[in-house]
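We just call them A, B, C and D in the order they show up, numbering each chain from 1.
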Amino acid sequence: MTVLKRIILLGLVIGVILPMIPLFVWAFSGSWFYPSLLPQSLSLRSWSYVFHPGSRILEALFNSFFIAASVTILSLIVGVPAGKAIGMYRFKGKTIVEIILLSPALIPSMTVTMGMQVLFIRYGLSETLMGVILVHLIPTIPYMTVSMSAVFSHFDISFEEQARSLGAKSLSTFRHVTLPAVFPGMVVGAMFSFLISWGQYVLTLMVGGGRIVTLPLLLYSFAVSGDNSLVGALSLVFIIPSLVILVLSSRFLTGESSGMGGFGGV
Amino acid sequence: MIDLRLKGVSKSYGKNTVVKSLDMKIASGELIALLGPSGCGKTTILKIIAGLQQPDEGTVFFGSQVMNSVPAEKREAVMVFQNYLLFPFMTVEENIAFGLKMRRTDKAVIKERVNEILALIRMEGMGRRKPSELSGGQKQRVALARALVLRPQLLLLDEPLSNLDAHLRDEMRELILRVHREFQVTTVFVTHDQEEAVLLADRIALIFEGNLHQFAPVRDFYERPQSERVASFFGNSNFLKGFCSGQAVETELGAFKTPLTGENESGRTVSLMIRPEHIIPGKGEDNSFLCPIRSKIYMGSFIRYRIEVGEGLWDVIDGPEARKGYEEGESAWFTFPPHMIWLV
Amino acid sequence: MNRNTAAWLLTAPALIPVLILFFGGFGLGILQSFSFFPLIGLDTPNFSAYTEVLAEDELLLSLVLTLLVSLSATFLTIALAVTAALALRSAERGRRGILFLFQFPITVPHVIIALGALLLLSQSGFAARLTAFFGIISDSTDFPVLVNDRLGLGIIYVYLWKQIPFIGIIALSVLQSMGNDYEELARSLGAKQSQVLFHVILPLMRPALLPGSVLCFAFTFGSYEVPFLLGRSYPSMLPVLVYRYFTNFNLVQRPLAMALAVLITLFLLVTVILYKKFLGGRNRL
Amino acid sequence: MAPGISILSEVKNINKKFEKYALKRAIVVIPLLLTVLSSLSALGRSDEILPFEERYQTMDWEDIVAEADGQTLYFYMWGGNESYNRWVSSWFAGRLMEKYNVHLQMVPVDGPGVYINKVLAEKQAGRNSGGSVDLMWINGENFRAMKKADLLFGPFADRLPNISYMDESKLEFDFGYPIEGYESPYGAAQSVFEYNSARVPDPPSDMGALLEWAKENPGRLTYPAPPDFTGSLFVRHVFYYVAGGYEDFMGPFDEEIYSRIAPKVWELLNEVEPYLWSEGKTYPSNLSRTQDLLANGEIWFSINYSPDGAADYISKGRFPESIRTYMFDTGMIGNLNFLAISFNSNAKAAAMVAANEVLSPEVQYHAASPEGMFWMSPLDMERLPETYRRKFESLPLAPSRLPAETLNRFSLPEPGADWLTRIERDWQAEVLRK
């Protein structure tokens, strides 16, 4: 049994790491032709491009970060109350609310992209940072509400009532009583929101249209270019911030107080 | 049926030793309670017997067979968990049939035995229900039935009554006793409630912090506790320190006559114990002392005095019609019959 | 305040953008799939785009391929995720590190891993170089075609890479909240290790794995990025077909794109309902 | 129990409730919403000065330059080549800023489909000014689609002073479609074959020989699947080969000619298919995948629109040194690529300035130089000042680069765009799916 377990874990580690290896090596390679296991020459060409102001990569990095952070905050603002309502109350039309809020995760984005593009142009939101943030908000809502409604459904409202009767004001009730109880769900919801925004291509293209340059836009323009070295370097630029996010939220993903519960319904 | 023997069994989790070199012998057909406060290692002992956990040291015998290397599923010992753990995705019938199905028992046999056991737990006709449609008491009965249907040699019950309401407890207790009688199955159950242990068990094993403190018939725990701690776990007791002097014990109140024979070493410090209900208000032949009454509370079916005995306060329980009209604040005579005194 | 009103007020901030923007866009998409767009003078709705899409001879093959890829990706994801979660639950040495690594793919966008898979699995990729290095293959053409292949293996690999951790973490949290009790109980009742797994652990986990796997299925069925990079030119998966219509320089094809997208959405809704009905009807934990 | 699951448990209600409420409501509400919004936005518009498109024909070039001063110009282009991106976003943008105070912002995207869709969506939404796309890199089918849909500004090419360095005959048609001044040249493309000289010392001299060669060397040839542009380029060469020249395809689409040639082409391509890379079961999706195969020695031939691509890749280490280029003795297709301006751009003056600037000999020379981006200039060398002609001639030639004289001598024109559409569509039906 333990041998089997070791094999599974080893397979897991290899399976995760293996496709990252060529990306990493290519990022620092000049030439790397088949069948060589190691690059024929190393080069920082793609990195000089990454830091070249004309490449707009650093600008995109900043934009992506600003947008993803704003989306995360907005998603929390709209998602936490919605999650609370769904997790804690029974009310008329709850089912329809749940379906509406979940649909951006179930309906393929292509079905709505074109119509949304027209709407954004008409509302004067296209080519604006605000528009990009707003459009990114939509696919994050299902993930945020599911995470939040899960933690709220375990939350006993009498804690809040007790705190109030002990004289806590509603803000401090939230801070000292509600927040700690629902925090894991908030972290997981926030993580998903950040990552969804961080990796968003189609919606950014459609609304930001290139005026608002984000990392995925630049990555996609190289995705089919075959410039493996640049693809590798851009991928690393892409992954490092998301790694930081993972470090911050890792412990809430698994363990006793996992915030992932909502996706399993446990 | 088999005898069960534990020899020098120890178990630790990290630095925390939960069972300390436990020796215990249970005869075939006995009904035994493992009693102790929460977290004293009772459930661990049960799991060691069931084979769900391995002891770090020591041996588990079923009869003369060493069981340590026998996996749980091969032992004729079935455990019933505290929180029922009915499989939510199975019906009552499927739950009960689970163990038989795992043993690849013939389908017809399974059906027959399931129906038989459903009748025993008085749940005929409820076999198709889902656990979520059952009451707490019904769940517990199904959980018990699920174990019994396997006709185990050894039935291990973890806190079988703790999750039930008061009136359901009586019912369940009846069922356990009935099952034990009918199946003649050696039964070990875990509880933290001494009353439950007293009502059900032939013998009780009292465990504190993984140590077996006393393993004896129920009556002994009242009358012959082996320590102050054991005594206080079994109801209210009054203690007074003193030292032996011949057949008497010298205390700050004076000399108490005791049921001691003369073998006791003079000068040894002992604790003198007497239960509140054994103290007689009024002056008697031996061991009568004048004690100040701190309080007197009318409790309906009895009256409770709190009296000063030396430095401490003792409880005295008197019948509803107080034999003496003692009042709060006065000093009065109380008699401590020597045959009711136990030294620990 | 009435509880209904309170609940609606609480959900309003999330509902409004979804309703206006998402369903607004959805509505416009549906309208355009009926070749109905008054703004540019198309004001008689009709089914021509649907009939044309349904007559497309690539459609059936495309549907088969899409089903093959998304179903096998979903079921393999569940199987491997449960396996991984079971192994991770009781892992002791290096557990934190392995767990972190296990969570890592959640943070990596699909494009990146698709590109990584391309560099790893193509016939001149890293895997082919490794096998050549160990003398297993002598020429790059001996290496099996794993990307841009007939069965969508490369696509499936990328989806597995992304989704196993997602489902696996859900599975792990179910296992953790389940504790050891059910397992011990089952063993005490005489179940062997394998019986415990198939008769107890898996059924217990099933309701929890359902929502996540539905999300995975919907995603693999409806998104084009990965098959666009790793699929073959013919037949292509349905979302790629939509994308091709959508980006075609011939602007007349846009209603076709929307019609096919609407059909995909309908298909997904029906599948989800059936899936739920036949697999998810059992009781919850 | 969390609602995640209960949401799904309710999915069966979708049929009833969802369709009943959400869908109906969306159909009713959205057009209403749009009408309201469009009338609102119409109210907000005012006409203080005449828009640029109504004045530019009567303006002097100096006035256009003056109007461009301070404008920001969004230049949408395929962003898959680092050298192009660098050159445009730094050298060329820097020059525009310095000389004209025009702020050029490069917007790298993954293909022209992106900006076509964008401008189209803006038109559908009624946004007739302040569009997001100003200048774009375009030609052929895409140009035709945009011009047909009235998405372009023009005519403007004839107003550019530097257009005089061009051969007028090249300004009439783009893939057989009349340009009419709606785009101005940016660069030139001359297709060549890239091949691995270490493997193939003596490359086949025409398409027939190449296809024969492929049968003798299984798995070593492939081409991107049309409608990929380079892939359809390969197929166009097969058409020229079968027809024995390009002349048949110069006019508008002719069904009679097509049905005479096409079946033979498909037959030829199907015949060679099993000998292609991957046994012809699949085709690379684009040029760069094909070039990747070439770089790694999987295939030994790859067709490319850019005669300088190989030199550029070798200098970056993306190709081994052994890659060379050559042309068929029977000639190979060349074309021009262009810049176009969107109908709703707010920086049309700046866009014209940029389009003019890119045609100046100095800029073209820098682009062509190794410090630039190995660019193939569209300018007519005969019309350049003597000094620039010399400079162009003295550009160092990489071993993989054919001399300009060769490129020009073997250059063939593109067929008309109608032909192209038909060829691409039928290739899918006749070759890919068989």
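One rule holds in what follows: a contact is a pair of C-beta atoms (placed from the backbone, for glycine too) under 8 Å apart; a residue touches a chain by one contact, two chains touch by 3 or more.
A quick note: this is a predicted structure, and the numbers were derived from the prediction, not measured.
Asker: When the centre of a chain is set as the mean of its C-alpha atoms, what distance in Å lies between chain A and chain B?
Answerer: Roughly 55 Å separates the two chain centres.
Asker: Between chain C and chain D, tell me the centre distance in angstrom, where each centre is the average of that chain's C-alpha atoms.
Answerer: The computed centroid separation for chain C versus chain D comes out at 33 Å.
Asker: Counting in whole Å, what is the centre-to-centre distance of chain A and chain C, each centre being its mean C-alpha position?
Answerer: 16
Asker: Using the touch rule from the top of the page, what residues of chain C touch 2 or more other chains?
Answerer: Those would be 23-24, 26-28, 31, 124, 140, 207-208, 210-211, 214, 229, 246, 269, 272, 284-285.
Asker: In chain D, which residues are in touch with two or more of the other chains?
Answerer: Residues 1, 4-5, 7-8, 11, 14, 22, 34, 38, 114, 117, 124-126, 285, 289, 292, 296-298 of chain D each touch two or more of the other chains.
Asker: Of all the residues in chain A, which ones touch at least 2 other chains?
Answerer: As it turns out, chain A has residues touching two or more other chains at 33-34, 86, 100, 114, 117-118, 146, 220, 223-224, 228, 261, 263-266.
Asker: So that we know how the chains sit together, what is the shape of their touch graph: line, ring, star, complete or other?
Answerer: Shape = other; not a path, cycle, star or full graph.
Asker: If you go through all the chains, which pairs of them touch?
Answerer: A-C, A-D, B-C, C-D
Asker: For the complex, give me every residue of chain B touching chain C.
Answerer: 47, 50-52, 71-74, 77-79, 81, 83, 85, 87-90, 98-99, 101-103, 130-132, 146-147, 150, 156
Asker: Quick one: which bits of chain C touch chain A in the complex? Just the residue numbers, please.
Answerer: Against chain A, the touching part of chain C is residues 3-4, 6-8, 10-11, 13-15, 17-29, 31-32, 83-84, 87-88, 90-91, 98-117, 119-120, 124-130, 132-133, 140, 161, 165-166, 169-174, 176-177, 193, 207-212, 214-215, 218, 221-225, 229, 239, 242-243, 246, 254, 257-258, 261-262, 264-265, 268-269, 272, 284-285.
Asker: For chain A, which residues count as touching chain D in their complex?
Answerer: 29-31, 33-34, 40-41, 43, 45-46, 49, 52-56, 86-87, 95-96, 98-100, 102, 114, 117-118, 121-124, 126-127, 146, 149-150, 153-154, 205-206, 209-211, 213, 217-218, 220-230, 261-266
Asker: Looking at the complex, which residues from chain D come into contact with chain C?
Answerer: Spelled out, the residues of chain D in touch with chain C are 1, 4-5, 7-9, 11-12, 14-15, 22-23, 26-27, 29-31, 33-34, 38, 111-114, 116-117, 120, 123-126, 141-142, 144-145, 149, 219, 225, 278, 281-285, 289, 292-293, 296-298, 421, 428, 432-433.
Asker: Under the touch definition given earlier, write down the residues of chain C that touch chain B in their complex.
Answerer: Residue positions touching the partner: 181-182, 184-192, 195, 199-200, 203-204, 206-207, 282-285.
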